Each structure stands twice: as C-alpha cells, then as structure tokens.
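These are the structures in question, set out in turn.
Below are two complexes that have chain A in common, paired first with chain B and then with chain C.
Here is the complex of A and B:
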C-alpha cells in the first residue's frame, strides 16, 4: 500500500511540474497551450532515445530533454505569435498530435506502439530496490520545487508584472513599451522546458513509453489542475494537481463497490467525471479554489516586504 | 494512379466540407472555436447506427433521424452547457467545449465500448472507369456535400433566418437593436449546425468505420478547412475543405498516409503565418 502511495505521489509530482508550466504560459501570460502532451512526449522520447539509442548517461540525457523542450517551445511560440489566443489552442493541439504521430509512425527509431524500453535510471546503482522509489520521488519533488521557485521568482519580478499586463491586454503592454514578443517567446519556452523535464522524469520512472500515453487528454488533466487551483496562482495549482489525481485514482476504487462496471467503463466514467467537474468549476468558480490575489496598485516601489507582497 | 488520388481527395473534401461550414457558422455567431464538434459527429454516427442496425430502419431514414437527434443534442448542449456561460472569454468556452467532447465520447464508450462497427448496408462493388475506383457511398457523400453547400448558400442568402444569422454574426448588438430575435437565431444556428454534424457522422460512418474516436480524428482537418477559408466565413470553409481534403490525399505521394492528420496541422501553421485571417476572412480590427 505504501508503495502505491509513493507511486501516486510521484505521478502527482509530474502533474505539478506540468501544471506549473501551464500556469506560466496561460495563467500568468495568457498563452493557451493544448499541446502539453506533445511537449511531455518530446521530453520523454528525447531522454529515452538519448540513453537507449545514443548511449548518453542519464545525467546528461534528462537535462537535454529540458533543452529540447525549450527549443520546441520557442519554435511553436515564434510560429504562432501573431495568433489570437483561441487559434493558438488549435496550433498547439496540432503540434501535440504531430509529435504523437511521429512517435507512433517512425517506429524504427521510437519503437512505435510497441513502446520504447528504457533501462537507464538516475542513481539506480546507489540504492536498493525497496528504497529507490522513495529516492525517485524525492528527485521528482526536487524538480517540482525548482520549477515552483523559478515560476514564483518570475511572477514576483518586474517581468511578472509585464506578463500580467500582456495577459490582460497585449496592445496596452506594447504601447507601454514592453517587448511583448520577447516575453511571450521566453515564457512559452521556459514552460515547454519544464514540460520536457517532466517527460524525462516520467520516461525513466516508468521505463517503457509508448505513444498512447501522450493523448491530448493529458492536457485536460493539467488544465483542470490549473483551473481548479486558480489560474495565476502557483500555490493553487499544487492543490489542483492533487485533487485531479485524487479523482483519477479514487474512482479506480469505485469498481470494488459497483460490480457491473468493468475496467473500460470505469475509465470512461472517470473521464466523464473530470469533464463534468471542469465545466461546473468554470461555471461556479471561474477563478478557482485559490484565486489569484487582485493586483494592488499604488504601492511604493521597492516595498518588497509589505504584507500584500507576501501574499501575492 | 494520380487520378485515383484526385478522386480520393474530392471524397475527403466532401466529408470535411459540411462540418467545416457548420463549425464556421457556429463560430460566426458564438465567437469561440467549439472543440465539441468531434463529440457531436461521433454522436451522429452512433445515432444513425442505433436507428439503422439496432432498430432496423433503412439507412436513409436512419440518417434523417440521426440528423434530427444530433441537432437536438447539439442544441441541448448549448442550453445546458454554453448558454449559462455567455459572456465568458473564448478560452473558457473552449476549455468547456473540450470537456464536453470528452464527456460525449466517453458516454458513447460506456454504451457501445470501443468496438469498430459499420452500417447494415449491402456490399456493393465499387464502380470502375478509366482505372479509377469509386464506391456508391463515396458518390453519395460527394452529392450530399454539394447539396449542403447549395442549401447553406440559399439559406444565408434568401431566407429571413439566414439573413438574421449573418446579421447576428456580423454585429450581435446591432442585430438586437434592429429587432432581430438573436436568441432565436442562436438556437436555430445550433440546431442547423447540429444537423450538419449529424450528417457528417453518418457520412464518415459510411466511408470509414464507426468508432468512438471517429469525430476526434476529423476535428483537426475540419479546423484546418475552416481556418484556411477564414473562420466565420461559410464560403471560405467550402474552399478550405477542398484544399485540405486534396492536400491530405495528395501528400500521400510524398509522405506515409499515417501522417494525414499532420498535414492538416501543417496547413494551419503555414497559413496562419502568412494570412492570420484566412483566405476569404476579413482581418479583425482590434479596439
């Protein structure tokens, strides 16, 4: 049972990294990304292929996955920077599907639907089999903490204020002399880098990745995490990711009580439940359970330790 | 061989055109891209399957019944889900519509499981002439797509409700001020577009197979067609459907056919880069 809890916590960690990344892109800057699964897959396959096919050590392959994510994010952002936010949704969704198609069809490289087996695990020889899952969880949580720290630093910095300005009205931000293009590309790339890192962590954790994991559905779970928590608030999404995982995993046990549901129906019910909850939350609490604090104006510049700042 | 690809492209275009028109009309009036179209189309295919195979109705009657039922489901989805959220931003509505498409797809999964199905129709030998193969179903698809295009044109051009739809899409406040019952127009638009999505489900079920992912697999080409033509412009959507449909088939010459969905995405990406408002769309004036 404790092994189960540790594995669940690890998965919540992956969700949290993805949610932090989406919050940077959408919650803070207003850039819609429905291709989360694509960046996640890109990171997973980059790290996996670099270790399996190119023989890189894990310690280099995993950071390389983040770099691949950053590069892909910058590319997608540059490509679609002139788009309205709802068109960006379509382009990112298409990007995610394209990555999945490549993973599925280029099976000489990616092993396609058979799945890519990855033996390499970081620090695997330093710990025995029973303690290793805890070590891996600690590693995932360290990356969560790092991503959270970076996201919070960005949010509190002058750049964070520019990002919120872009989110609220990019024309006004541009008129005020902010470099909207540069900020958008930077933030999208950083977020995509986090997603790539999450993918690498996932790949070396499960040790067998196949394209069907990276369905567009992943994006909905992460959107749900950010929306439930409250877009723009990094603390909220940690709560949101936990809630989403609790629903996904908790409904697994429904099968024990309702015996006419087989595994297939149960997983369908799980998705319906997530969908219905998402709609209800958007209707009744559009700003989430932990709404982003209203930004206060007229504070003296440099008063960094005021109470408003500590909360925001 | 290349003529065969050309014919396949036409069939493909005919399959994409009606939903692209409906998607575009819906966007024009509602102002957000409705990702639930995948769920609507799948619902249409399974509704027709229920009438045709489970109740034993002839295919034509099943198709009409499925269009009516899908129209009703789509209208109902507005009443239950979207209507209470008018005034929310396009991104919120977009997330809601994705949630809705997942809900619809998985309700169908619960009822019918992921099994692949087909309509109860006699197998007919495809027609061959000059080395080109085309099935009777494919000819029906082309004929119906043309009929939909003409009917939409007549509706928008010559009927009061069609003119009201165009007025509401153009400027809802002005339309309201001029005495147009925009609530009625919106309701009719959902119903009409829903019937087209239902028809698409039937046609896609004829040409491909009926399965829960049927609509989702068509979603990106439909978006591509609607955006290519200029979103909100139904005539553009027809043109876009022809171009996307042909492009998807003709790229088989250079790319493996498994990348068809990717072609739609590449078209969107390249086109939006060059002309963000599409081929026939008007550039949007901001503020």
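Here is the complex of A and C:
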C-alpha cells in the first residue's frame, strides 16, 4: 500500500512540474500552450535516447533534456512574433503532434511504436529495491521545489508584473516600454525547460516510453490541474495537480467497494466522474480553488500578492 | 460562496479521503486469499474485446471459488481498465501490484500496454499473461514471467499471406497502421508472397487522421490484384471508405479485428467482398464448446469471442499452475505453467474443474484451451493457433478457409 502511495505521489510530482510550467506560460503570461505533451515527450525521449543510444550517463542526460526543452520552447515562442495567442494555441497543438509523430515514425532512432526501453536510473546502484522509490520521489519533489521557487520568484519580481501586464493587454505593455517579445520567449522557454525535465524524470521512472504515452490527453490533465487549482497561483496548482490525480486514481477504488459495478461500467463511470467533478468545481469556484491574488496598488512589489482573494 | 476554502482544509480533507479510500480495501480483504489482477482494454482501441476478457476472468474465478478455491484458498480478483493506453495502464498496474498484491496481471491486449507495464511487473516479480503480438515481448521478458496467448504478428502475416496466395492473387500492395502490432505482420506477409509480387514498398500510415486520401492513392495507384491493410477498426473504417470512393476494384484484405460489427454498420453494403483473417479458437475443440456454453452464446459456424476465449485460458492455466506448484511464489508458478499446459503423454483437460481434480489426484495434465491448445515455447509464447480467413458476404462473415495446427 505505501509503495502505491509513494508511486502516486511521484506521478503527482510530474503533474506538478508540468502545471507550474503551464502556469508560467498561460496563468501568468497568457500564452496558451496545448502542446504540453510534446515538450514532455521531447524531454522523455531526449533523456532516454541519450542514455540508451548515445551511452550518456543519466546524470548528464536528464539536465540535457531540460536544455532541449528550453531550446524548443524558445523556438516555438518565437513564432508568437506574428501570432496572436489563439493562433499560438494551434501552433503548440501542432507542435505536440509533430513530436509524437516523429517519435512514432523515426523508428530507427526512437524505436517507434515498439517503445523505448530505458534501463538507466539515477542513483540506482546506491539503494535497494524497496528504498529506491522513496529516493526517486525525493528527487522529483526536489525538482518540483526548484521549479516552484523559480516560478514564484518570477511572479513576485518586476518581471512578474510585466508578465501580468502582457497577459492582460500586450499592446499596453508594449506602449509602456516592456519588451513583450523577449519576456514571452523567456517565459515560454523556461516553462518548456520544466516540461522537458518532467519528461526526463518520467522516462527514467517508468523505464518504457512509447509515442502512445504522449497523447494530447496528458495536456488536458495538466490544464485541468491549473484550472481547478487556480490559474496564476502557484500554490493552487500544486493542489490542483494533487486533486486531478486523486480523482483519476481514487476512482479506481470504487470497484473494490461497489460490487454491482462490473469492470466495464466502472470504466465508463470513472471518466464521467472526472468530467462531473470538473464541472462542479468550476461552477462553485470559477477562478479555481485558490484564485490568483488580486493585484493591489500602493504595496511593495514583493509583498503585493500576499493578500487573500478578498474581491473574488 | 461565503465559505472560504483554505489551502489547509482542502489539503487535509483531500489527504484523509485519499488515504481512507486506498487503505480500506486492503483491510477488508482476507489475508489468506490469492490475489490475481486483470488489466483489460475496456475502453479505447481494444474496447470491443476487453469486456469479454474481463467476463471470462471473472467466470473462472467464481467457478473456482465456489468449488473451494486453489490450495484451499479463495481467489480474490481485482479488475482494472487499461484504457488501451500505456500511460494509464502503468498506474493501474502499480495499484494492482502494490495495493492488491497480485501474483499475476492477466488480459493485457495492446502490445504497448503489455510492454509498458513490463518493467514494473518484472521488478516486482509479477506474472503477465497477454494477447499481444509484438515480437519484442519475448525479448524483453528477462525473468521468464510473461505468457502470451496470441500468435506473434509475423505469424499472422504469414498465415494470411498463404491463404491469400491460394486464392490466386498475383500482385500485392501493403500499407499498415503504424503500430507495433501491424508492423511485423507486413514482414511476415512479404516473406510468404515473395518480394517480387509486391509492387511498391510497403509503407505505414498514422492513425487518427481526418483523411487518408494520399495514402490510399499511393496504395492502389499501381492497381495490384490485392491490397493488405493491417489496422485497427478505428482507422480502417476511414481507410476503407476512401478505397471505396477511389473505385479500387481489386481485393481488400485485412485483419478481422478491423471488420467487426461497428465497421459493418459504418460502411454498410460496401463491406461486402472484403477478406479478413485472424487467429481463432479451435472451433471443433471441446474447450471451445464449453466456453460457448459458459458464456451463454449460441453455437454457430463463425468464431465468437476470439479474445474472450483467451481470457478463460489465461485464468485457468494460472490457477492450475498455482495448484501444481503448491505455492504462490511467482517464479515457481511460472515454471509450473509449462507443466500444466505443454508436453505430450499427459492427461488432456479442457477446463479448470477437471484440471484441478486431476492435479489433486496426482496426475500430469495438459490443459487444452478454448483459444488454442495452449502449448508454450521456451519463451512463454503460445505455439500454433488456428487461423481463419473469412469473406464478408451480405453483411456477414462467411468462413472461406481455416488453417489448423
């Protein structure tokens, strides 16, 4: 049982990193990214291939995956020079599919639909089979903490205010002398780097990745996490990621309690339940469980966001 | 909306609910039960087949439990949905292994799911039983814990090709959905018909496309006698509509999993004339006759439940192997799998009741199943399965030929 909880906590960790990244891009800056699965896959395959095919030690391959994510994120963000945000949504969706299709079809490199088997795991020789999952969880949580720290620092900094200005109206931000393009590229690249890192962590955890893992459904779960938790609020989406995973996984246990549900009915009910809960949460808490604090004028930049959602 | 939900209350109640939900079944469960997991594709690409596998698993377990169980212990079956998706299936497998403490995970269907959960199962020493065709399955099973009840895809390709050759076709073109199941099938097909009879290089298409116009044009441009299209029902429906629209007059050959009732409903009369094949249960066998009775089906000429029958055989052989090994230690149970299924000069049994009785009487048994005679090679892959080629006539499948092993 505890092994299962540790494992689920690890998956929640992956979701949290992705959610923090999406919050940077969309929650704070207003850049819609439907291509989460693509960046996630890019990180997973980069790290996986570097260890399996290029023989890199896993300690280098995983950070390299984050770097690949940053580079890809910057490239995609550059497209936003001439694209308004709705078009960026389509471009990122396309990017996600592109990565998946490359992984599927370039089978001489990626092993295609057979899936890539990854033996390498960080620090695997130093711990035994029972303690290793805890070590891995600690590693994932460390990355969550790092991503959270960076995201929170950005949010509280002058850059964070510029980002919110861009989100609300990029023309006004531009008129006020903010370098909109630079900010967008920076933030999108940082977010994509987080996603790449999450992908690498995922790949070495499950040790078998195939293109089918990175369907657009992954992106939907992360969007759910951010929306349920509260866009713009980093604390909220940690909660959101936990809730989404708790619903996804917790609903599995219904069958253990309710005898008359056979496996087929249960499968359908689980999917329905996830949708219904999302609707309820959005109906009752339209801005998420922990909404972004309203910006107040006349406060110091650092503490300006500490007030609760008095106006919501 | 006056009540304020704080972070702490939510975290607390969330953690409490999650813990309660996950702990309870472990407490409710009797400690002495033998735990077995079933992970079937109840939704997604395998949706038409998963529920039948699930039902078969359940029937065998209920029957055994009503007769006093195995080794004097009751069987506790936990069923999960793989959603035909490895991402979700890995988490389901995690639950089965770590919460339910299963000795085996039975019923995975898609190769990517079987391969996806394999690292976890191998690490935990859990037996896997599947109906997946990827040639990678025996290669990656390092501990000898995987038993496959389906013929590997090259075998499908070879069987369909030899049946097609007998129909007198001379030139072929091939395209396949790009997944692991269909890929090695094309190699097997080309091997039998000979590369010189294939007009253009076989190629792959990606699933979930809105149009297959260019792929289909490429496929039929050189006007071959027949085209072979290994696929899933989800994409084959669209592909076939396009073939029909472009007016191809040759023979369309595919795998039977693509031409189920959903396909026939979708394309109507246009489906007539398609030839399709798949490994089938030995229709004349005693075990298949019993399966038809157990599943309350009507006896008919065509094959029913190609995967449901495998579900019956998976659960039956696993439990027989447990009884034979006298323990639930998976390494020993896996070894006993060959003892109860493979080898000559043993007493043939067709169901679990007779099998258990024979083992308890000290006899050596060879289980002969509803999906095949269930003989395994050294790698745990099932040896010969019957193969059937059918043609759609008047909206129904008419068997043209059957290869028996």
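Observations
In the analysis below, the second predicted complex is superposed on the first by the 268 of 312 C-alpha atoms of A that agree within 3 Å, B and C clash if a C-alpha of one lies under 4 Å from a C-alpha of the other, contacts with A are read in each partner's own complex, and residues count from 1 in each chain.
Just so we're on the same page, a contact is a pair of C-beta atoms (placed from the backbone, for glycine too) under 8 Å apart; a residue touches a chain by one contact, two chains touch by 3 or more.
These numbers come from a predicted model, not from an experiment.
Contact with chain B, but none with chain C, is seen for A:227 once the two complexes are overlaid on the shared chain.
In the superposition on chain A, contact of A:271 is made with both chain B and chain C. Contact with chain B, but none with chain C, is seen for A:282 once the two complexes are overlaid on the shared chain. In the superposition on chain A, A:146 contacts neither chain B nor chain C. Judged by the touch definition given at the top, the superposed model places A:79 against chain B, while chain C stays out of reach.
In the overlay built on the shared chain, the residue A:71 is in contact with neither chain B nor chain C. Judged by the touch definition given at the top, the superposed model places A:124 against neither chain B nor chain C.
In the superposition on chain A, A:101 makes contact with both chain B and chain C. In the overlay built on the shared chain, the residue A:242 is in contact with chain C alone; chain B does not reach it.
Residues 101, 104-105, 217, 264, 268, 271 of chain A are contacted both by chain B in one complex and by chain C in the other.
Residues 32-33, 81, 84-85, 88, 90-92, 94-96, 98-100, 102-103, 106-107, 109-110, 113-114, 220, 223, 227, 256, 258-259, 261-262, 264-266, 268-269, 272-273, 276, 284, 286-287 of chain B touch chain A in their complex. Residues 1, 3-5, 7-8, 11, 101, 104-105, 112-115, 117, 129, 206-208, 210, 212-215, 217-218, 235, 239, 242-243, 246, 248-250, 252-253, 255-257, 262-264, 266-268, 270-271, 284-285, 289-290, 308 of chain A touch chain C in their complex.
In the complex of the two chains, the chain A residues touching chain B come out as 26, 32, 34, 79-80, 82-87, 89-91, 93-95, 97-98, 101-102, 104-105, 171, 217, 220, 223, 227, 264-265, 268-269, 271-272, 274-276, 278-279, 282-283, 286. The residues of chain C lying in touch with chain A in their complex are 1, 4-5, 7, 10-11, 14, 17-19, 21-26, 28, 38, 40, 42-43, 50-51, 54-55, 58, 78-81, 83, 85-87, 90-92, 94-95, 97-99, 111-112, 115-116, 118-120, 123, 134, 136, 140, 178-180, 183, 204, 206.
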